[in-house]
Amino acid sequence: MTHARSAGRTPNQLRSMSLVTGYTRYAEGSVLIKAGETHVLCNASVLDKVPPFLKGKGQGWVTAEYGMLPRSTHTRSDREAARGKQSGRTQEIQRLIGRSLRAVFDLEALGERTLHLDCDVIQADGGTRCASITGAWVAAALAVHTLMREEVLTQNPIRDHVAAVSVGLVQGKPVLDLDYNEDSNCDADMNVVMTGSGHFVEVQGTAEGAVFGRTALNGLLDMATAGIAELVKHQRQALDLATE
Amino acid sequence: MTHARSAGRTPNQLRSMSLVTGYTRYAEGSVLIKAGETHVLCNASVLDKVPPFLKGKGQGWVTAEYGMLPRSTHTRSDREAARGKQSGRTQEIQRLIGRSLRAVFDLEALGERTLHLDCDVIQADGGTRCASITGAWVAAALAVHTLMREEVLTQNPIRDHVAAVSVGLVQGKPVLDLDYNEDSNCDADMNVVMTGSGHFVEVQGTAEGAVFGRTALNGLLDMATAGIAELVKHQRQALDLATE
Amino acid sequence: MTHARSAGRTPNQLRSMSLVTGYTRYAEGSVLIKAGETHVLCNASVLDKVPPFLKGKGQGWVTAEYGMLPRSTHTRSDREAARGKQSGRTQEIQRLIGRSLRAVFDLEALGERTLHLDCDVIQADGGTRCASITGAWVAAALAVHTLMREEVLTQNPIRDHVAAVSVGLVQGKPVLDLDYNEDSNCDADMNVVMTGSGHFVEVQGTAEGAVFGRTALNGLLDMATAGIAELVKHQRQALDLATE
Amino acid sequence: MTHARSAGRTPNQLRSMSLVTGYTRYAEGSVLIKAGETHVLCNASVLDKVPPFLKGKGQGWVTAEYGMLPRSTHTRSDREAARGKQSGRTQEIQRLIGRSLRAVFDLEALGERTLHLDCDVIQADGGTRCASITGAWVAAALAVHTLMREEVLTQNPIRDHVAAVSVGLVQGKPVLDLDYNEDSNCDADMNVVMTGSGHFVEVQGTAEGAVFGRTALNGLLDMATAGIAELVKHQRQALDLATE
Amino acid sequence: MTHARSAGRTPNQLRSMSLVTGYTRYAEGSVLIKAGETHVLCNASVLDKVPPFLKGKGQGWVTAEYGMLPRSTHTRSDREAARGKQSGRTQEIQRLIGRSLRAVFDLEALGERTLHLDCDVIQADGGTRCASITGAWVAAALAVHTLMREEVLTQNPIRDHVAAVSVGLVQGKPVLDLDYNEDSNCDADMNVVMTGSGHFVEVQGTAEGAVFGRTALNGLLDMATAGIAELVKHQRQALDLATE
Amino acid sequence: MTHARSAGRTPNQLRSMSLVTGYTRYAEGSVLIKAGETHVLCNASVLDKVPPFLKGKGQGWVTAEYGMLPRSTHTRSDREAARGKQSGRTQEIQRLIGRSLRAVFDLEALGERTLHLDCDVIQADGGTRCASITGAWVAAALAVHTLMREEVLTQNPIRDHVAAVSVGLVQGKPVLDLDYNEDSNCDADMNVVMTGSGHFVEVQGTAEGAVFGRTALNGLLDMATAGIAELVKHQRQALDLATE
């Protein structure tokens, strides 16, 4: 028996994708990304300071923070601010978002400022870290667009798109862009971050229930590559619409 | 010279109010409340447990947590989860929301369960604690509606509406429902929490720039009473629409 | 049946009040305030620095911290230093004390220094936040007296007295200056902070067991106004005795 | 030139000692100990529980916590509750107080309950840990007296007195019961904890400015032994007065 | 110009490897793994309890903690216990070690107990997370050997070997088992965790300086596969020697 | 019946002692000290900074941190970094190590730099704090030797040896250098820190099970004095070998 995907998706089909730009009004760049029932608010703030280790080095920094609203999930989770610390999972994800964005930034062209990306999950149905990366890139691009329009920057520090998608083995078959239900039941799970030009930024594959061989890995990477090309198109359209 | 309010509001006029029910899909009750440019997501979760001090007492509990997304404000604030603790202001506000809701709940009729309200500020333009209370009541009422429809509850534990509004003295004159700009420049500021039947639940007045006399206090209370009556109408409409 | 107050107090009678100045020897101002069985040690320290947000602004700051000794209460409470954080209640109270004192201070006349008030509850029988405010004002005034005698200050930065008292509805009747037993059993409870000239600084009313109407509110405010006038007389006498 | 002690004390003279029993009203045992200008409030609480490692073992526990009010000292120190942790010094002292008291307790005779001693320094002029031990013993004895009078205990679990004093080498000469000024300037410093029968419980000697030989050590121990005998007399008198 | 490796290593050559079993005497399994100048002490403890979420489920758990001694590195790092929290990097690594070990464990065969792996870096020259995994497997196997010898377990819960190695692109060329110097200067870096049967458990590739294409990724995976086969031989030899 | 010591030790015999210098390669001074089955890694780091209170005072600082690996002990202890704080015991020990080392340092001759000693217990069989002090002195001496060889220092800031040993009363008889088993069962326990010239730096005696008299104390001090003279010989030999 084969796995039937919800909403009748084929194995290599992304969830319906929507990028609502200008979702909040004070951030320099703001996007609500909806990948199916996963909704993440990505806000980009431009700060006129850099972390201590970069002071006076003539370059900027791009960093990210991630959080889930307590009732974004099926059952309520503890609020991290109330517990007094961020979980290991949260820290792992926000480090990944920051690294992914920095891979396509020319930090010298950014100048001595920080682009701070806040990715807050409003509703979670799997794939929140990938949606955060894909949405954060759009928020970052909007903030950069503002800086260039205001002539704070004269050169665009963004060298390429960056987007992310999950792939996984469900009942031995590869599927693209897993929802929560698929993610909880897959054998292996991989998050792939790639640029607009099709190069890898991060590949993080984990055997959840069963270890996997080289052939399966290749199939997953093919599927992710195609999915990311599509996500990049969505990013381009959203950005064009917002800045035309 | 008198104070001109933004959007041409008269002194005793509320900001435009919108209550989007069912904003997220997993919470038992979910409302996005928009009071002008202040947007707060209020989610109500029903938990099958009570705090230790109530175990075996045959009654339930209503409590709240509050947070601001880092870039809900004009300039980015630190993320409380990353700093590792909630500020005094945050704790003060979430205690106020919890007390206000409990004032209209029959905790015995709720049974041994907790109604946990999460109020997360998506965008902040003043009055976030009042909007949280007004919105949390609707989220709570939606959650209770679900419990009654599923016959988990046979008696409605909510005895009355509760809603909140700010009033303040700006250039010596009373105004209703202050936005951030007014709040930052007022002489005195009062948050009033009242029931649908017009009784007080909380009155918190603070001299910000100038102490105030009994007459001014009376004027502010009159204005708040009228404003809350209007907010209660909004609550009733939203609830009727969502549950008809 | 009407409520009989302990020590035969009438409804509008304050508890016996004593202000022991110079209680400790190192603080610039030190007072042990005893309101019946509630005893709070208020120490004022003069620090030659201001918080970061005031650096170079040519003005000073007044702030407060509050704590309860673990066995000030009927049953032992956890030590906040051992638990590693101050409770929401503690933070709420110390913010209130600080705001109340600042309302009567000319911060520019204070110069670039901080008046730091430590209010530590030695014994608690209700009304500790109000006693802290009333006592802290005397400690602050003693510290300012020292600074003026030493000609560090040439102008008195204190513009008026500030004092606080609780009022509440017990069995539907208003009473002044509630002790712990009354506080635990009242319907509504209000802390009022006023100046020597009879203006409001803070009004914080909370429905504990039953919501309350406008008439009841007015009765409570009348009673508080009279009580505070008496507390201000106690402050004046204590200060005169200590500085004559 | 020899060291002149303040208040004309001879080298082997204790500071004036006062033990105010019943200083607070809710603790099962309460003592304000004044050793010169060092004032420590010692409260003993009887708790009907034992730490996890003793559950069901048929014995009790004696433990202590220590704190300094922020302005007990010449210059204000940070409040440990606000900083969010107890310093190493605080922990070291409270562990010492607990061990010292346990050395004279028959924990089985105490039954499955905890005697919790809170030692809070109201004013500090050196020797606060020794004053805490000497005062805590009296507070503990008062609490035990109450338990025996109420026939909760039928056998006295306290086997002996315990008291503590500091000795030190100032300008090469031994002195007893150092005040803050002497403590800051001594070559070596020793805290000695002894029982009423003259046995050692703790000996903690530290070279502050200069290491010391065996002869000096012997002189310090002689002086401490005599001092503690005197402190034990003070304890006995205070206890007799309070319980006669 | 090509990259010359230290100690004359060829690009596909592992560092000299040594596995000192029984390095400490109290742990159920103990190994000091030395991969060149990277030395990690791996201790396996058998605990007769499981985490709360597994209570009564009839299965065990395998988990890991990781730490670096402050001066394991070229310059001293802060001690995490003193700073009061584990860094994001530390948490990321210990989660990876735990997941990798669990991938080859039959948790039901382990019974209701926890195998807790402590990986402490004594000396760090790159590749500490990979050495931790490779060493932790040996420590775990030794602990399991003890449990089987003592007949606590009758069936071996370990289904396969697991080992890890880093590969990276240095000056565009793939190299195996990077030392600190290579790691700091590489373009891309991948940690690969595989079983003895050549299946993937984790693949974590990160573009450090330059994004990378599919061909480069394939080259790195080939090299890692060969390296891990060699590591598994080292594990087998060490285990045979220790348990014969 | 008299106490039989493990490994046939006589009451006044030290455990077998080994000092492995250069145990790790990056620290300026590194020693693994083995006192029987107690193994402590002592690393000395030279840092070009001083704590804030010494800035610009023309002198250096010597400080220490202490930790136990979680499975250094018979049963696994919690990792302090994971729990988020150092225990009172850990802080007490690291303060003792720092004070002991400073007692023999000329801090002005050290110049404006910090010698930071990390003492990490690899395996614990009692006496870890004493072994840490004895080992830390050797690590410090090695670091100073390096600084002098490199002509960073022209004058040796170390004025004397410092070493430490435990003594205790087991079944009423004094024994030297207690192992874990003896330590757990002794009546009294004393840690003595002395210089090479036989002067006291610290004396910390604690009645564990039974209080002790002056004669017993004298016997313990005699035994410690002889033991430390022997430890100093071990230090001298190790240092001579490492620096010849």
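Labels for the chains are A, B, C, D, E and F, by order of writing; each one numbers its residues from 1.
Definition applied: contacts are C-beta pairs under 8 Å (C-beta built on N, C-alpha and C of every residue); 3 or more make two chains touch, one makes a residue touch a chain.
To keep track of the chains, here are their UniProt names: A, B, C, D, E, F = Ribonuclease PH.
If you're wondering where the values come from, they're calculated on a predicted model, not measured in any experiment.
Just to be sure I understand: going only through chains that touch, what's the smallest number of steps from subunit C to subunit E?
Minimal hop count between subunit C and subunit E: 3.
Indicate the whole-number Å distance between the mean C-alpha point of subunit A and the mean C-alpha point of subunit F.
51
Measure off the straight-line distance from the CA centroid of subunit A to the CA centroid of subunit B, and report it in whole Å.
The separation of the two C-alpha centroids amounts to 33 Å.
Multi-chain contacts in subunit D: which residues touch at least two other chains?
84-85
Order of chains around the ring, counting from subunit B in the direction of subunit C?
Following the touches around from subunit B to subunit C and onward: B, C, D, F, E, A.
For a test of understanding, state which residues of subunit D touch subunit C in their complex under the given definition.
On the subunit D side, the touching residues are 24-27, 30, 37, 39, 41, 43, 45, 47, 65, 67, 69-76, 79-82, 84-86, 90, 116, 118, 120, 122-123.
Residues of subunit E touching subunit A in their complex?
Against subunit A, subunit E makes touches at 85, 88-89, 91-92, 94-95, 99, 103, 188, 190, 195, 197-207, 211-214, 217, 221, 225.
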